[in-house]
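For reference, chains read A, B, C, D and E in written order, and residue numbers begin at 1 within each chain.
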Amino acid sequence: MRAPSSEVLAGQVLLSVENVSLSFGGVKAIRDVSFDIRKGEIRAIIGPNGAGKTSLLNVINGFYQPQEGRITFRGETREKMRPYAAARGGIARTFQNVALFKGMSALDNIMTGRSLKMNRGFVWQLLRHGPALAEEVEHRRRVEEIIDFLEINAIRRVQVGRLPYGLQKRVELGRALAMEPDLLLLDEPMAGMNLEEKEDMSRFVLDVNNHYGTTIALIEHDMGVVMDLSNRVLVLDYGRKIADGTPDEVKADRNVIDAYLGVAH
Amino acid sequence: MRAKQLVLCAMAAATLGMGILAVPAAAEEGIYVPLLTYRTGPFAGSGIPIANGMHDYLTMLNERDGGIGGAKLIIEECETGYDTKKGVECYEQIKSKHPVVVNPYSTGITLQLIPKAAVDKIPILSMAYGLSASADGNTFPWIFNPPATYWDGLSMIFKYIGDKEGGLDKLKGKTIGYIFFDGGYGREPIPLLEQFAKDYGFTAKQYPVPAAEMQNQSGLWLNVRRDRPAWMIMWGWGAMNPTAIKEAAKINYPLDHFIGVWWSGSDDDARPAGHDGKGYLALNLNGLGASYPAIQEIMKYVVDKGKSQVDSKDRVGENFYDRGVYNSVLVAEAIRNAQHITGKKEVTGEDVRRGFEALKISEARWKELGLPDFAAPIDKVSCSDHNGHHSAYMQQWDGTKWVKVSDWIAPMKDKVRPLLEEAAKDYVAKNQPWPARTEPCDKSS
Amino acid sequence: MLYREVGQYKTTYEADHAIFPLLQDRIGIAVILAIAFLFVPFTASDFVVNSMLIPILIFALAAIGLNLLTGYAGLISLGTGGFMGVGAYGCYKLATAFPQVNILVPILLSGFFSAAVGVVFGLPSLRIKGFYLAVATLASQFFLSWCFVRVPWLVNYNVSGAIEVPTRTFFGIPITGPNATATTRYLVVLAVVVAMTWLASNLVHGRIGRMWMAVRDMDIAAELIGIRLYRTKLLAFAVSSFYAGVAGAMLVFLWLGASEADSFDINASFLVLFMVIIGGLGSLLGSYLGSVLILGLPIVLRTLPGSLGVPLNSATVEHLQFMIVGALIILFLIVEPNGLARLWQIGKQKLRVWPFPY
Amino acid sequence: MDLLYQIFIDPFVQMGTAPDLLVQTLWEGLVGGVLYSLIALGFVLIFKASGVFNFAQGIMVVFAAMSLVSLYGLGIPAFVALALTFAIMLALAWGVERLVLRPLVNQPDIILFMATFGLTYFLIGFGELVFGGEPKVMIADQLFLPRGAYDIKMLGGFVSLQKIDIAATVIASLMVAALAVFFQKTRIGRALRAVADSHRAALSVGISLEQIWVIVWFAAGIVAIVTGIMWGARSQVEFSLQIIALKALPVLILGGFTSIPGAIVGGVIIGVGEKLGEFYWGPLLGSGIESWLAYMIALAFLLFRPQGLFGEKIIERV
Amino acid sequence: MADGTAEADTFPKLLIRNAQVRGLRPAIRHKDFGIWQTWTWAQVLDEVLAFSVGLDELGLRRGDKFAVIGANRPRLYWAMCAGQALGAVPVPVYADSVADEMAYVLDHAEATLAVVEDQEQFDKVLAVSERLPKLLQVFYDEPRGLRDYDHARLKSIDEVQRIGRQALAADAGRRARWQQSVAQGKGSDLSVMLYTSGTTGRAKGVMLTYDNVLISAQNGNTYDRLGESEEVIAYLPLAWIGDHIFSYAQSYVAGYCVNCPETGETVVEDRREIGTTYAFAPPRVYENLLTTTMVRMEDASAIKRRMFHYFIGVARRWGEKILNGEKVPLHARLLYGLGDFLVYAPLKNRFGLSRIRVSYTAGEAIGPEIFSFFRALGINLKQLYGQTEASVYIAAQPDGESFPDTVGKPNQDVEIRIAENGEVLFRSPGVFVGYYKDPEKTAETKTPDGWVHTGDAGFIDPKTGHLKIIDRAKDVGRLIDGTLFAPKYIENKLKFFPNIREAVAFGDKRDFVTAMINIDIVAVGSWAERNNVVYGSYQELAANPRVYEMIERHIEEVNRALVEEGVMAGAQIKRFLVLHKELDADDGELTRTMKVRRGLIGERYAPLIKALYEGATEAAIATEVTFEDGRKGTISARLKIRDVKVAPVAAALEKAA
């Protein structure tokens, strides 16, 4: 288990969600949820299927607009945000079902993650020489660092659609990292992986947190992984927050045992 | 995997094929007369009878007389599908075989070929279609469009209307509707129509029919019903014609006040309306029916021998079939003239151009050709006038067939010619540098 | 078999990012270009140049345009014909308004008109996708077709309602109009098409190309990594229409010589779409291959019976040609739904791994 | 000012002053609309069951009408010819399933779309080869389709109702109703709907996918026959009739590619809207605006309701 | 270049020389971050200088030992040179060794610091750190995952170099002092210690001086005319003498470029990209190449497959002759040229061997099929015989004298002697100083006058003058009449026939040699199919008289070959049988690495052996077998025993003479 270092617990709040509610038609996906994510921590969000975890991530990065509540990110409070603004603000994301650009190579996928950072104009792009090429090369270098970091050197030219699932997940993580985010949202990064792949992925998640200092919020079903990785855990059930605290606290929480862990037994 | 390799091989073969076809077929002895026809595509209905008429008359000459002046005609059709691009492709393909004349049979294709003709030294015959301004022989020495231009046609229609109304000044205050195919062809008469409207004080209402809406005119005819024009004039083509006649009948428009140009008067145009179409009028340039001796000879030498593509004998002698025959008569006569002028048997495009400038078909000559009173005498084509502004007549649908209902109507050349020369000037102005005529005019003719 | 990759290693990202990283490919391209520029003009007959090479090149350019939109950005358009028309009419207006300007300038500038129009008609792409968008682009096709016929200003009030291309020279050599030889026009078209292909290739291999493909493959993910969908999509429409516009201008000025509105009707749109699909979505090479096949095949089929001495009348040949083209399209789709470019890629891959099958 | 008057006031004044023409316009719109619905239905049937945007629907209309007329031309009695035409369309459906759809199963939509283009080309060539390119007259009388019109005096004028239009409307409505019932009530119909959701679901109903395709293509063929007869009777039967199919496309965006009620209501909206537009506002633009008006109506509609007429709001998931 | 070693007799001196002579030529490349990062000799010198000074600052002293652990990476090679510049001795350690082995080596070598590749290696060192009191510091190349580790005794190489650069910048005389330190080193100094993983007992630290390594490298370069334009791929373990010579010593001497692959998985692609000109690989690499080639060609279309096999046939017939520069008819040359365009050159391209000039195989016997296949393609594949104790080079095949069954002639300055018992001994400039801290073992191996026992039995082939290795010396036995009997040698000869899967030869302390044969079911099965031999089971096929005939022919061939080699002429196979079941690892008859367990077989099949030597024509046997599902059962059979014609010894010898 990863003990929450005092540094993190006392840390500055990077993102706080206050009283957010979200519904589709008549269906309430999130009901009045508040929590925060501190700088540098790994924050896990757990809960049974349909608890509203993914919707919560979608709200954070602006893909869904909550009907009520406020979100404060890096000190800025907002009620509404477009995904573009979220990305620009430093929120990156991976998806539950891998959402890679299937027709492109792993390298190009990760390069795409750097689109926001590249700004050479259209005319230079047409010529693909001079500044455009220099920019391309500069970002390629950064991307290669990520490729090296994630140990996907051997597959950089492979079209991602042809990669096994585990590697696709890794490429997707690479694409998110390419954005150099302040906050990285991981939606079930280890779903559908075997034990070895899970271990690898856990190592990468820790390394990302450690090496780049990226704050991470992750949804995960594997309790072992969650307890090992995260500093603090948020538990949702039917769109409601039922517990929030360190892994130990959450594990001991009555509500959680009833609502979540109880299900498993 | 196998299939893929097969396809790869096929593609390689096709590439080879493309290389091979650059080699033109060996030239035959004779006079090469290509026919750009369209037996396919959306306008095939109009194209097929014309193509048959053109093809069959020339074939008949080959069969009966062994060609013209002892020179065999090499007749070759090239399918354009009434598509400009394919037409140009056809032209490029036949160009190398030295055609003596090209019949584009499409205004669109004609427009493409006009500038090329002078360069390639190939005369273009656009019989009563194409660019009206090309009647100006001084500007367009290589283009011929006898016997009449669209503007002539419109003026003849107005003459007919004037006749019925008891004078064109009676049109004052009335409305005349103009329904037309929305394209270059249908738009060409508009300047003259507007001038007439000014001259005679009527209101001209325009009803354009876009190509995609040819069979869906009901909304437009509602407008006609509202506007209640005294006369309706139509410049239609293909499927537009029968639909218009049916729609006119539907709104109870008096069909004997509905007049089409010569391209709106085929048997296929009126037949679908049947008895409902009774009374519909259309201009015509040529005689009807198969009773002419020459057409009987076509029957004898061509159709009966299975050398024609007509699907039934009934269709020989239909209006557009005879139109095709007319077109071929013009070609044949021009070739004959060229042989006469040059004394050569195998004439070239340059010779035939001179032949066209010397084109004369008197009443007697029509008779000689086995086509008595088939069309108005061609007597006004000259070096400066490549059209001649000849007469046409009015025909009427009696429910089952066309009937001639007027005498030959002469166009208002005085109104048409200045407009036309102006248009030619305009064309030259817009296409600078346009080459000046260098071809001499044969005095003898 | 022909590929010898041994010893071709990259020590810089510049070299690694080259569009043709393999030496053999670069040699191949150089040879093709040399043939196209130096050999063909002196050997090909007028018919081949005029009826095959020029239209194939021009339509290849239009197909590249559509491919940028459909193959790269994933937006289906059935309005290419209309956009080509905008280019043609725009070029005509420019060329007649400024007769003293070198004709290549209006040809290239005309692309901006169609780009602007393309952006306007690309607006629905922000809300609708797939076939809905395809059908919506038909609106532009029909509307533009209507405009070409209905706005006489576009044809300088020509009575014929058609564009007629005046003769224009380039260093004293006529390159448009009837006096321009097929070879001259071919060389001009070739130069423009090659240059624009190069630019397109640059575009799709860079940031913009990646953004387009991202939007194509997974638009939600693209949005969430900070790609602005509307900008990206409209840019695709603009660039695509630009290419179509230049192709349209060349179609009239360097090929047909005169044109009516029906040159840019819906059939033109379909024709270009065919080329893109048969050639291969998302491949510039495919655009060329598609153009060669779709334009070349009918001509071959049409002239084949004649040159083989089979007596078939022209209409029957035409009918058969339609049937064969139709059947071949289906066959191609069945055999290789990803288009000729994929076949080429497979072939190339086979050559690279030769003698191994994979 | 004048322009504004012409756009916003004058048409309504006209409607008031000549109500008979308004009624006539609406009627024409309705008739056209029902026929659009019919073609759109052909598209919807196939799209729903096999995900194919069938561009060949237009040529199928021509093919059906040509077959009918040509068979009659061979001396076969009209109704026998009609029956044979049904058989031909069934054969076509079977052939398409065998030679086109089956080998292309699981391909992306656009590929199937392209394949129907190929089919269109093939059928054009084949049709012209067999039937010839000449236009033909629809055997309306022989099929006992009425001629003439009822001229009803009303509202200070008259409204002319063509009997053939009435017949077309009735028959088209019956067809639509029959298809709707077929879809909703029969076992095959339910399977068809299931196929739209998931291919496996259909199998559980006990009908193979191949059979379903043949059925929908045949149903689209029947639609084509009816459309061909109706449109053919209104003008003539020739190959250019295939562009009629393009008229149904705006109906599809409006009504949705998969919604039968969408096709019906959309068809009527487009039909009526385009006739009204052409009649009252068309002259402002020089008439002949029908070719794109329908698309503009559909597009304008989409801007406000991207999910189409009967579609549900789409919640995107990631 | 010949003068190179005379003055520059250590690695650092060579580096300085190279930086002067060919400063702008590439010295080392590493496929990293997607491209080939390249350093010229001048740049390498700069890097090594900074590294070395940094190490100096951090306390590495003359005579210290330091471990180098990891894959082939430029900075690990530099680490060696940087340490050597200070007079310290690098001890490369196998990167795949487990922590325990590593602990032994580091402890035994008394390493004071270690340069490791990454977290993985460091974790191993960390795990055993309490057993290594002498180990003071660890430096790493790849920082990932190491950020949170206690950096008190841990530094990145970057950091070391930074310290070095700082020191250099701070003190103008620092560089000169470093050069002095380099100059202090001399050829007779200890250069490197390589631990050989002996089959028995603990690894021994082989001490090699600069002279050992560099003179050997120089001789090797001269032997194969290697110059500064060679390209090699460094992919074999750093701790292995082969890599040390090929990727380090020869490169420094000749000045050629060494290329480090991106990862272990990408060696093939990386080799193709670089296009090596000089290569070394154990036989299994070639074997894998050939096998995958054949397997992949099976999937090719029939036409292509036929073409392939046709041209491979052409190549086998003419290729070697062309390669050896023999006279070949014109049509064969043309045909070979066509084959080269269609098959050979593309194949070499796929292998990444298009530009190869010299390619060595060593370590084990290579199958003649495999050997001649590559030779036929025009690849100059040669055999080499070497040892750590010899700084690699003992014998190698000269160009144009390649034989599948010899290891070549003695290298330059190498003397070879065959001992009484058949063991090969050698003496050369490359002979090691001794085993570190193990004089006993040193004395066992190395005679006072400098001869080294290889432990291998061999003989000089009278026909070619090449050395042939027949077996490990301890496995070589003798017949009762004293004839040399090398079972493995004979078995290998038998196994080169595709129809024979396994063979066991007996003869030690017996009158003559016999063999038990296992047929290869795939090869013999397809032969049976082609020849209409009907069979129902393995056992039936094995007992088929025609199979016996075929095997008999193979054995006769082996016998003839043995006669030609003279020394073994007396050890021809006189009798054999074909076993009714496959020797199986599950039954303990083979080791898991598929080596024959002679002793166990001898016990289990005792009745058969008895029959073989008693002259019976049939023998019965019942053996216990383990089925795949784990059940046990017995198979019993009566096996036929056949006599084989023995080739006349004298005649053959005459012919050879």
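Rule of thumb we're sticking to: contacts are C-beta pairs under 8 Å (C-beta built on N, C-alpha and C of every residue); 3 or more make two chains touch, one makes a residue touch a chain.
Predicted, not measured: the structure shown is a model, and the values here were computed from it.
> Which one of the chains is farthest from subunit D, going by Cα centres?
Following the centroid criterion, the farthest chain would be E.
> Going by CA means, which chain is nearest the middle of everything shown?
Smallest offset from the overall C-alpha mean is found for C.
> Which one of the chains is farthest from subunit B, going by Cα centres?
E
> Would you indicate which pair of chains has the most C-beta pairs in contact?
After tallying contacts for each pair, the winner is B-C.
> What whole-number Å value describes the gap between the mean CA coordinates of subunit A and subunit E?
The separation of the two C-alpha centroids amounts to 48 Å.
> Roughly how many whole angstrom separate the Cα centroids of subunit A and subunit C?
Result: the chain centres lie 42 Å from each other.
> Could you state the distance in Å from the CA-based centre of subunit A to that of subunit B?
Chain centroid spacing, subunit A to subunit B, equals 72 Å.
> On a C-alpha centroid basis, what's the spacing between subunit B and subunit E, in Å?
89
> Return the residues of subunit A touching two or more other chains; collapse runs of consecutive numbers into ranges.
63, 95, 99, 140-141
> Of all residues in subunit E, which are in touch with two or more distinct other chains?
Counting only residues that touch two or more other chains, subunit E contributes 34, 301.
> Would you give the residues of subunit D that are in contact with at least 2 other chains, written as numbers and ranges?
124, 128, 133, 246, 286, 288, 291, 316, 318
> Note which residues of subunit A are touching subunit E in the complex, please.
Against subunit E, the touching part of subunit A is residues 107, 140-141, 144-145, 147-149, 153-154, 156, 203, 207, 210-211.
> Flag every residue of subunit E that touches subunit A in the complex, lowest number first.
So the residues of subunit E touching subunit A come out as 32-34, 144-145, 147-148, 262-263, 265-266.
> Within their complex, state which residues of subunit A touch subunit C.
Contact set of subunit A toward subunit C: 61, 63, 83-84, 86-88, 92-93, 95, 99-104, 108, 111-113, 115-116, 118, 120, 122, 125-128, 132-133, 135-137, 140-141, 175-176, 179.
> Can you name the residues of subunit C that touch subunit B in the complex?
44-48, 50-52, 55, 96, 99, 142, 145-146, 149-150, 152, 156, 158-162, 164-167, 177-179, 255-263, 265-267, 293, 296-297, 299-300, 302-304, 306-307, 313-315, 317-319, 322, 331-332, 334-336, 340, 343, 346-347
> Enumerate the contact residues on subunit C facing subunit A in the complex.
12-14, 16-17, 199, 202-203, 205-208, 210-211, 213-214, 216-218, 220-228, 235, 282
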